[in-house]
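A short worksheet on the structure shown next.
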Amino acid sequence: MIDVFQNKYPGRDYEITHINPEYTSVCPMTGLPDFGTIEVHYVPDKLCIELKSLKYYFLEYRNRGIFFETAVNQILDDLVAACKPRRMQVTGRFHTRGGIHSVVTAEYIAPKRTSRKAKR
Amino acid sequence: MIDVFQNKYPGRDYEITHINPEYTSVCPMTGLPDFGTIEVHYVPDKLCIELKSLKYYFLEYRNRGIFFETAVNQILDDLVAACKPRRMQVTGRFHTRGGIHSVVTAEYIAPKRTSRKAKR
Amino acid sequence: MIDVFQNKYPGRDYEITHINPEYTSVCPMTGLPDFGTIEVHYVPDKLCIELKSLKYYFLEYRNRGIFFETAVNQILDDLVAACKPRRMQVTGRFHTRGGIHSVVTAEYIAPKRTSRKAKR
Amino acid sequence: MIDVFQNKYPGRDYEITHINPEYTSVCPMTGLPDFGTIEVHYVPDKLCIELKSLKYYFLEYRNRGIFFETAVNQILDDLVAACKPRRMQVTGRFHTRGGIHSVVTAEYIAPKRTSRKAKR
Amino acid sequence: MIDVFQNKYPGRDYEITHINPEYTSVCPMTGLPDFGTIEVHYVPDKLCIELKSLKYYFLEYRNRGIFFETAVNQILDDLVAACKPRRMQVTGRFHTRGGIHSVVTAEYIAPKRTSRKAKR
Amino acid sequence: MIDVFQNKYPGRDYEITHINPEYTSVCPMTGLPDFGTIEVHYVPDKLCIELKSLKYYFLEYRNRGIFFETAVNQILDDLVAACKPRRMQVTGRFHTRGGIHSVVTAEYIAPKRTSRKAKR
Amino acid sequence: MIDVFQNKYPGRDYEITHINPEYTSVCPMTGLPDFGTIEVHYVPDKLCIELKSLKYYFLEYRNRGIFFETAVNQILDDLVAACKPRRMQVTGRFHTRGGIHSVVTAEYIAPKRTSRKAKR
Amino acid sequence: MIDVFQNKYPGRDYEITHINPEYTSVCPMTGLPDFGTIEVHYVPDKLCIELKSLKYYFLEYRNRGIFFETAVNQILDDLVAACKPRRMQVTGRFHTRGGIHSVVTAEYIAPKRTSRKAKR
Amino acid sequence: MIDVFQNKYPGRDYEITHINPEYTSVCPMTGLPDFGTIEVHYVPDKLCIELKSLKYYFLEYRNRGIFFETAVNQILDDLVAACKPRRMQVTGRFHTRGGIHSVVTAEYIAPKRTSRKAKR
Amino acid sequence: MIDVFQNKYPGRDYEITHINPEYTSVCPMTGLPDFGTIEVHYVPDKLCIELKSLKYYFLEYRNRGIFFETAVNQILDDLVAACKPRRMQVTGRFHTRGGIHSVVTAEYIAPKRTSRKAKR
């Protein structure tokens, strides 16, 4: 579902960020839509996430009933499975509901670091 | 009073933030209302705070006479008792009174950390 | 001069901030008024600073001739003497004089830490 | 292609930043232009980057088909080759494409540090 | 050239900042004026920089042909020589030239620290 | 579909604004979602728009394929039909598509003004 | 309920604005609190509104169930009755409810203008 | 070159805005790129500008040598010829060159107004 | 008290603005200091206000007990008397007191306009 | 001194703005430098101001002793003489001196309007 491409600079730890301010899903309690911004930060290993497929991946949440906490952890699990990064952090900043604004952040760090710094 | 639900990702340390810009209570000295924004940041263990009950919890301060320092520490104690988190920080940013703007921040860290990072 | 009250949560290290954007004193060189914002951040031990007396304390600078560097250090010394905190930082951000904007920050840390974290 | 000049203060580690908000290249997939801001931060060793030649260097990307990830790493490699710095970081902040805003950051640290702090 | 006065609180490490948004000099290549903001942050030892003489010191750059990198390092050297601080950092943020915005930061740390914290 | 209630102050021309930053629909060309903020400004005559039904009205656009220009004019027509205001303006501010940000504004003014100013 | 004092400059049309960001009332539908900022702009005739009594007047809304549209018009009526101004405008900017942010503005203009410009 | 589509609401004067922050052309004096934001505001008559073709129209300026004043007037002439609007305004806000930031605004108003307000 | 100098361009109506963010006086009710920003806008006739004497004029309010409404009108009267302008507006924007922020604006227009536009 | 070029669109009234945030001159009282931003807005008749010569024109103020009011009027007179516009406005926004921030705005309108709207 999420396309990847070969990282051309695997010898260097570097960070890629994708920010999607157009995330929307459905509240499983009320059936009303939720809105938010999803930030993905990661250090690629051998694979990078292809941007267009990432966009289509987020579209699948549009009609899905899901809690804020679950959505952020699920996105992290799916993206880690797709590109097997050295490190990844996913943050969801959600619109005010009932007067309260919520943020959820989850992080993954690969069990065996394989990173090597270029030219060190 | 504060409802909780099962954390579906207890194997991962992740942070949840709830920000309530509509906090109001009553000054115990003057009887006049105080206003502020309460920020709750926490790392859940087995339980997460249910958002709607959190909203109702804050409403109970509306007619209560309480000092800034007490309110922040009391909220921290109540929320820790309700969800037994791995870590929690509560910050209150209060409106100017007598020309002075006040902020109070208190933190709790669970005595025995039980957190395990996913896939490490 | 500065009133204090008993800290109800001495078992927990927590931070209190008071920001006064209405500080004014007199330049000892020119006799002209100076303006600035004074920020007080502290971790209380057994005593907290009473807000109204803090406001009156700052009023005493209104007609006093004092340099920026002296004012910040003097405020720190006076507030430390009054409430004997575990840690305190005072920052003064002063209006532009002669096209130059100045900031002075001084910090105090109690010689023997007596802090204990709640429930650890 | 990138001119350099002698660093007059090689005995001191200091940081130079150049920010170019007028970066543009061409998307290799669609042939449409991409836009972004490139930030270069570095600690010079014996050579500094000449500003005018840096400007002309960025102009060469104007009609080049290149991915975000490749552009940032290529700029880092070219600038490191030109001035052999003690440390360099390149960040590209790219305009929204498909509703998603991307940032890429890569860093180089010289294998053998030769820096000496002045007067220490 | 730069006047100093006795630091009344030598027993305490504290930071003084002076920010001058009205720095201007002349580009040695083109003869055209450059503009920028110079920030000076320092921890005084026995001497503080007198503000009015600092203002006059900056005026001497108005008709001087000097590069960004040289100006920041020269200001650092001159101010260190004048007040012999425990630590000093000088940052120059210069206006866009050729579409590129530049920042230069240099730091000095005294070889033998003589600082003592008050009351520790 | 849009509920209304009696205007309690028909003797006075006054303005009501409702701003919905959570508008989303579907592009009829690409099938991809569009996002935007809809602003409704109106002077009520005998009827006011009920806020909750307005929210549900906007939800019906979530899965509808519609152009920006049509959406704004359609919302204006529907709301005018529902509450028969003295004047109404609808503005849609849409997210960037293809690098271009679009705004559409349409206005209705009742053919026969029936407004009377209170107490004049 | 609202105290007034003699306008010392009745010969001149001038504008007074009071902005209260601490307005709160109760939603008559849900019983939940509403929050907002009330702005009062007026040109006094013979009487000015006393600031402290205005503050106490707003406090009476704290536990009152009232709609946004009614509150703004009621405040306008009450303040006009109290100080009989030449002109008055009241605006309420209310916090987001159900994802929608509302603003209500009502204006009063005295039937017989009695204003005279000074020295004309 | 610029595609148009039928205006579905010709009976109503309404305004459409398209803002392109990714305009770039070449300076005819120096051959160096210029950058800017082009804003198009218009009231359609029988035709609306198709957004995708507008995007491709702007791309033709990428390698064209043209002055700021000419570009804005040329864009206005081309868009007026394409969609024959009731009114159109084009503004170009260009990046700083030689320390000076320039803005050019030109407007067209159709010689014979044919607009009719809906339902008046 | 307020010095003036000859307007060198009396044949042209032009506007001069002086903004003083360092206004302070004393509340006649409580004896506590008030703070605010005073803006003076005027079209000079034969005389302009000398800036240094304006600064000293504002200093006289520092220890004076005066209401917001009176201060703005008094400043207008004093400055009009001093420079006999064609038009003058004085606005005071005062710090929050009791949770309410106040603004007062008064305007003077000379009874017989003597202005002539240059070269018309 | 100020170069001009032929206006290619004399049949249309359109506005050109040039903003120079790097204006500096010398205070004739103190000999100290003044700083500010000069904004020039004009509707050209047959001639436009050449941007590079405008930049050099402003450089001549760098070492000139001149008051704020005189500078703005002098710039207006010089630019009107150079390009004989249909209308021109010059605004100077000057840095704070003695705690007071000043703005001066002067406008010129050609005695005989020769403007013709395109295609009217």
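Letters A, B, C, D, E, F, G, H, I and J name the chains as they come in the text, with residue numbers starting at 1 for each one.
Here is the rule we use: a contact is a pair of C-beta atoms (placed from the backbone, for glycine too) under 8 Å apart; a residue touches a chain by one contact, two chains touch by 3 or more.
The model shown is predicted, which means the values in this text are computed figures rather than measured ones.
J.: Which number of steps is the smallest that gets you from chain D over to chain G via touching chains?
T.: Minimum number of steps from chain D to chain G: 2.
J.: Between C-J and C-E, which chain pair is linked by the larger number of C-beta contacts?
T.: Higher C-beta contact count between the two pairs: C-E.
J.: Between chain E and chain G, tell me the centre distance in angstrom, where each centre is the average of that chain's C-alpha atoms.
T.: 51
J.: Determine the centre-to-centre distance between chain C and chain D, using the mean Cα coordinates as centres, and give it in whole Å.
T.: 43
J.: Taking the mean of the CA coordinates per chain, how far is chain G from chain I in Å?
T.: 27
J.: Hey, what residues on chain G touch two or more of the other chains?
T.: Where chain G meets two or more other chains at a single residue, that happens at 21-22, 35, 95, 99.
J.: Can you name every pair of chains that touch?
T.: Pairs flagged as touching, ordered by label: A-B, A-D, A-F, A-G, B-C, B-G, B-I, C-E, C-I, C-J, D-E, D-F, D-H, E-H, E-J, F-G, F-H, G-I, H-J, I-J.
J.: Touching chain G in the complex: which residues of chain A?
T.: 35, 95-96, 99
J.: Spell out the residues on chain J that touch chain I in their complex, using ranges where they run on.
T.: 69-70, 72-73, 97-111
J.: Which chain I residues qualify as touching chain C in the complex?
T.: Its residues touching chain C are 21-22, 24, 32-33, 35, 59, 62, 95.
J.: Applying the document's contact rule, which stretches of chain I touch chain J when the two form their complex?
T.: Contacts found on chain I: 7-9, 12-22, 48, 51-52, 54-55, 117-120.
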